[in-house]
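Report on the following structure.
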Amino acid sequence: MLKIGMLTSGGDCQGLNAALRGVAKTLYNELGDKVTIYGIRDGYRGLIEGDYHEMLPEDFSDILTVGGTILGTSRQPFKEMRKTIEDSEETKLDKMLHTVKKAGFDCLVILGGNGTHKTANLLSMKGVNVVTLPKTIDNDLWGTELTFGFQSAIDIASTVIDSIHSTAFSHSRVFIVEVMGHKAGWLTLYAGIASGADVIVIPEIPYSAKKIAAAIEKRAKAGKRFSIIAVAEGAISQDEAKLSKKEFKAAREAMTYPSISYRIADELKELTGQEIRVTIPGHYQRGGAPCPADRVLTSRFGVAAAQLILQKKFGYMVALQDNHIVPVPLTEVAGKLKTVPPDGELVKQARALGLSMGD
Amino acid sequence: MLKIGMLTSGGDCQGLNAALRGVAKTLYNELGDKVTIYGIRDGYRGLIEGDYHEMLPEDFSDILTVGGTILGTSRQPFKEMRKTIEDSEETKLDKMLHTVKKAGFDCLVILGGNGTHKTANLLSMKGVNVVTLPKTIDNDLWGTELTFGFQSAIDIASTVIDSIHSTAFSHSRVFIVEVMGHKAGWLTLYAGIASGADVIVIPEIPYSAKKIAAAIEKRAKAGKRFSIIAVAEGAISQDEAKLSKKEFKAAREAMTYPSISYRIADELKELTGQEIRVTIPGHYQRGGAPCPADRVLTSRFGVAAAQLILQKKFGYMVALQDNHIVPVPLTEVAGKLKTVPPDGELVKQARALGLSMGD
Amino acid sequence: MLKIGMLTSGGDCQGLNAALRGVAKTLYNELGDKVTIYGIRDGYRGLIEGDYHEMLPEDFSDILTVGGTILGTSRQPFKEMRKTIEDSEETKLDKMLHTVKKAGFDCLVILGGNGTHKTANLLSMKGVNVVTLPKTIDNDLWGTELTFGFQSAIDIASTVIDSIHSTAFSHSRVFIVEVMGHKAGWLTLYAGIASGADVIVIPEIPYSAKKIAAAIEKRAKAGKRFSIIAVAEGAISQDEAKLSKKEFKAAREAMTYPSISYRIADELKELTGQEIRVTIPGHYQRGGAPCPADRVLTSRFGVAAAQLILQKKFGYMVALQDNHIVPVPLTEVAGKLKTVPPDGELVKQARALGLSMGD
Amino acid sequence: MLKIGMLTSGGDCQGLNAALRGVAKTLYNELGDKVTIYGIRDGYRGLIEGDYHEMLPEDFSDILTVGGTILGTSRQPFKEMRKTIEDSEETKLDKMLHTVKKAGFDCLVILGGNGTHKTANLLSMKGVNVVTLPKTIDNDLWGTELTFGFQSAIDIASTVIDSIHSTAFSHSRVFIVEVMGHKAGWLTLYAGIASGADVIVIPEIPYSAKKIAAAIEKRAKAGKRFSIIAVAEGAISQDEAKLSKKEFKAAREAMTYPSISYRIADELKELTGQEIRVTIPGHYQRGGAPCPADRVLTSRFGVAAAQLILQKKFGYMVALQDNHIVPVPLTEVAGKLKTVPPDGELVKQARALGLSMGD
């Protein structure tokens, strides 16, 4: 009897249930009743506290299109991931190892993003059999072209910008739509191109308010009375880019704006004399049903994760490379971020279309 | 030759183009080339400044599903609408009358909400032939069961709450979704019921943070680890409801929260010890394509408005009553607000379902 | 202890689960554990065969937006509903009465359309306590302005016609979209107006192929190279309208076309020389999640049905009249059809817009 | 002055306007008023008949999300494409060359699928400067991982199957949904996996009705009372696969079913004794707005096509390979089909999930 523990960790994301279903259906299809799957509740919390329960094949029925995660999730257990883990954190890790041992899990299947993968790698290095699936709407996991959730989030963010578009046009106004993405601008870049934004501001390309204002004014001169600016929540200015990490942190802590878009709105108002509106779809971008593309992707990831288990190939994340699903060692993934190359193909294509990157 | 001037005024709203099309198609269908339609740009601004242009039948093709307004819009021309209009405002009104006379408009077709209707009524009282169509996502225009835009906005607000639902469930969290509606809670009430919100807070029923907290805790005791609170942007607390208008205004000006939802979140955090998340879809609720129901409604309103013109019956707003389109005198509509009756059928039904109204 | 049996009968329809939830939540909210709800499987089949099971409050959680019915459904138990029921049918009715008695149901809550209501009325006349909810995408139930499912189906049918619109335009082609509705044209009429169809053919207004062809040619002369015809599946020609019921039945049985749209396509090809394309979305129109408007409507119907039970007011269907939920005696509803008045307001408005009704 | 002629050819497809916009915006952005773009009407028909007109930058505004094509389209000019072109066809080709010469087009930008590319290659071989973009919802163009339209069609086909899913479940029925794709099963395969179909039948893997029936019965035995079968319109049986091309053609011409799904439904009814329902969304799959993913893809293709023109690199189709946009010689593309490898990764993954491929 193979015993598999599954957990979903980190922020919400479309496709978690679809991915769980993919793993489970493949295992049941191959092993029948020779496998038992356990659901670990609320991510690593459940692993630390030994909160898990046996699941049945029917638990994975009818969840392909259901948003959220049937297992629950929680944020990262460790405040900061360092090479030297603190005492209290060591304790948490010990507790996880204890749960794995006590439950007799032959393998943990872990679905999560960057933080999750650091912990998954720690567990793997401690000898736990781990297979992971790359989950995040930010698409910023190293080693895979696509993470699941990303394509669903593009659909939502694009729909919001589309809608704002008609209002901006009717009112001859400048609108900022703030898109999720603290460290990586993938979602903003894709949604911005998809919905015809005029300016796209991403963390990887520090912005100049003057350059954004110039782009708006260039449009105004061409008779276009409105502009749409897609701003990633992790946007930073060119001045901020020159600061040390410490100085930057201090500067941001002193910032009174609820989020960066409001600051940019004020900067642009100063420069253009125009009122600038801000819309922030927020968590709306990460909830609800996965789009069909994510349902295919999660199904494929799920199959591949199950096959790694069947092949006793542990310590890997399943990844998409050149449209093939491949295993990537956790040691290569953990702690690495995949950000938008500022001179990459997609940014160049956006610029070729006449879009401003705010720089 | 009949000369018709059309304008769209106030905030953006789904269905403006569909409504313009309905009026135009009916007039062209009846009068052929014996009618000329003029588009007045940016609402009353265009009327004040004489900014209008002749339109052709093809201008009204293919706009049924297009968001925004092909005519542009602007906010109200008068800061406050009083019985005694100030000099500068009198001047604006004079300029409007001058444009109507100079252009030779036989009738103005005006699409707008509450503020718009006050001005439309002023024009009508000054002898201008006016027919209006009730436009607002807030559904707070007196005299009509439905305004156009409202049903489209319900679709969007409900979709947002649906999406947040899966995240709230997965994270065992309390979420506030702030829905548009400064003075009337229709949109919040409908979207809240449609998407299974647990608490609905509307301006017409002042809230008690303690009662909301109690509703959350009642759910928690029943094993439901999350709650969704739909809050209208015009929500007020029971304490605030006791203030004079002046005191209330002062209190709100002193409020440091970017919007009421953040204050409620803090109040609930205080009471429950839980982190409360806030999502504000904002202008997203009023942009984009009208839903099919609004396309039918605007078409019907458009036909009725055109028929009033053909019958030379001026000074009316077209309205929906008992599923029939009827004319309502502007004098009865102007300045009156249709708010949610706190003891009305729909609120009672929401309570019967076990929802809390936060009171 | 109050014992309630619930069943859903007839074709699939959006909002069945939402309506069940509305009834259940209201009963649980009012009675707590003093009510037990039983789910009867597959409509009247379960009632005939005594196939039912106790349900728990959590069974009604998270089903507000779920398509289909958690109870299953089946088509009508009686081949034809007559005043004199045949022996074999009498037996079925006896079996239903036996189940009600044996289970000790204090009331049956029945969700269904026309056929379902005939049987519900029979049960009521036999002394069973019955409360019903009006379910059908056809909106053809007598006594209520709206049935649930109708508004969701309008959304789908309109989306299909919208999509075909762009293809018809690009290819300069005439397209027929066949919309559900055997006896009533409500869905076709609403979806047709909502999506800007050029011709709308409904059962209540027999069509003339020549008149449809004339409408297409009128558009062509005006430079519009394409046309969209929305045809209800129950459309009949003016020649057929003259036939006796028996002759009509024979004529249709001899018809070789898979559905009426293909025949109309051939008739129009003959008359115009043009290839006419046919698209039939079929069952797609009645599946999937209810739209927000249907979720509000079903919630309100559910509350009202529960309140009738609490008031021991049996033998009624809950209905929408003038935007209020009211009870209508089953005796008044059973066997009566609500069809589109050929000279009603909506048809007149469609004609005023320049649409052809194919007559 | 650079003169560019653009045409869209073949069946309708989402993203045509977005792709035209991508090419145009890039050219205008780079060349300003040193480029003139001509729109050739209705595909090759306009090229044959010299029906084209100068376009302005504003013609490409606001079309990113608009379905269909602003240029119109038509089916292939040549009945069959052979190495030796018939006289009448040679004449057509001559006329095209004449139009190119007379208009002074420096380059033709051609958007289309398989048939279109054969003609584009002929033009290229005759010395015309040609750049093409791969358009088809079938995704069956050789040389590119993705064609535009494909992802939008997956969204629609998946939505239809999702909707049917709830009905199949509620009625305990077997449903066939017929998905577009005459020669390639990509769309059926992706939509089938995305929406949790139980059986997927594609042209590349001839089906056995017995095997499909066995899959349905296996599910029934496991307590699943319904099944969904996604069938590509080009599905063929294992018996048919043994026929010669001529025999197959004759057999199909003798087939009385309106489409293959109805035949499969009958075969399954025979084998299982169950009524099988068929839904055919048809042209709905290829109309309407492109999904965000297609808007990004078409924008990227558009930029790349414009850059080929700027580099005077003619005779290429722009293609997606390993997520990069690359040029592929027309000579390599023309006449070649990209079909689903029966033993490829995706089919294997579908099987691993427990899906039947009907074989």
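A, B, C and D are the chain letters, set down in written order, and residue numbers restart from 1 in every chain.
Methods note: a residue touches a chain if its C-beta (ideal position, glycine included) is under 8 Å from a C-beta of that chain, and two chains touch if they have at least 3 such contacts.
Bear in mind the structure is a predicted one, so any value in this text is a computation, not a measurement.
The chains in contact with chain B as well as with chain C do not exist; no chain meets both. For chain D, the chain whose average C-alpha position is most distant is B. Per-chain CA centroids place chain A at a distance of 35 Å from chain B.
Centre-to-centre separation of chain A and chain C, using mean CA positions: 42 Å. Between chain A and chain D, the centres computed from C-alpha atoms are 31 Å apart. Those residues of chain C in touch with two or more other chains are numbered 159, 162. Contacts between chains close into a ring here, every chain touching precisely two others. The set of touching chain pairs reads A-B, A-D, B-C, C-D, using the touch definition from the header. Taken in their complex, chain D has these residues touching chain C: 8, 12, 16, 42, 66-69, 72-74, 156, 159-160, 162-167, 169-172, 175, 258, 277-284, 286-288.
On the side of chain B, the complex with chain C involves touching residues 22, 25-26, 28-30, 64-65, 145, 151, 154-155, 158-159, 162, 190-191, 193-196, 291-293, 295-296, 299-300, 302-304, 306-307, 322-325, 345-346, 349, 352-354.
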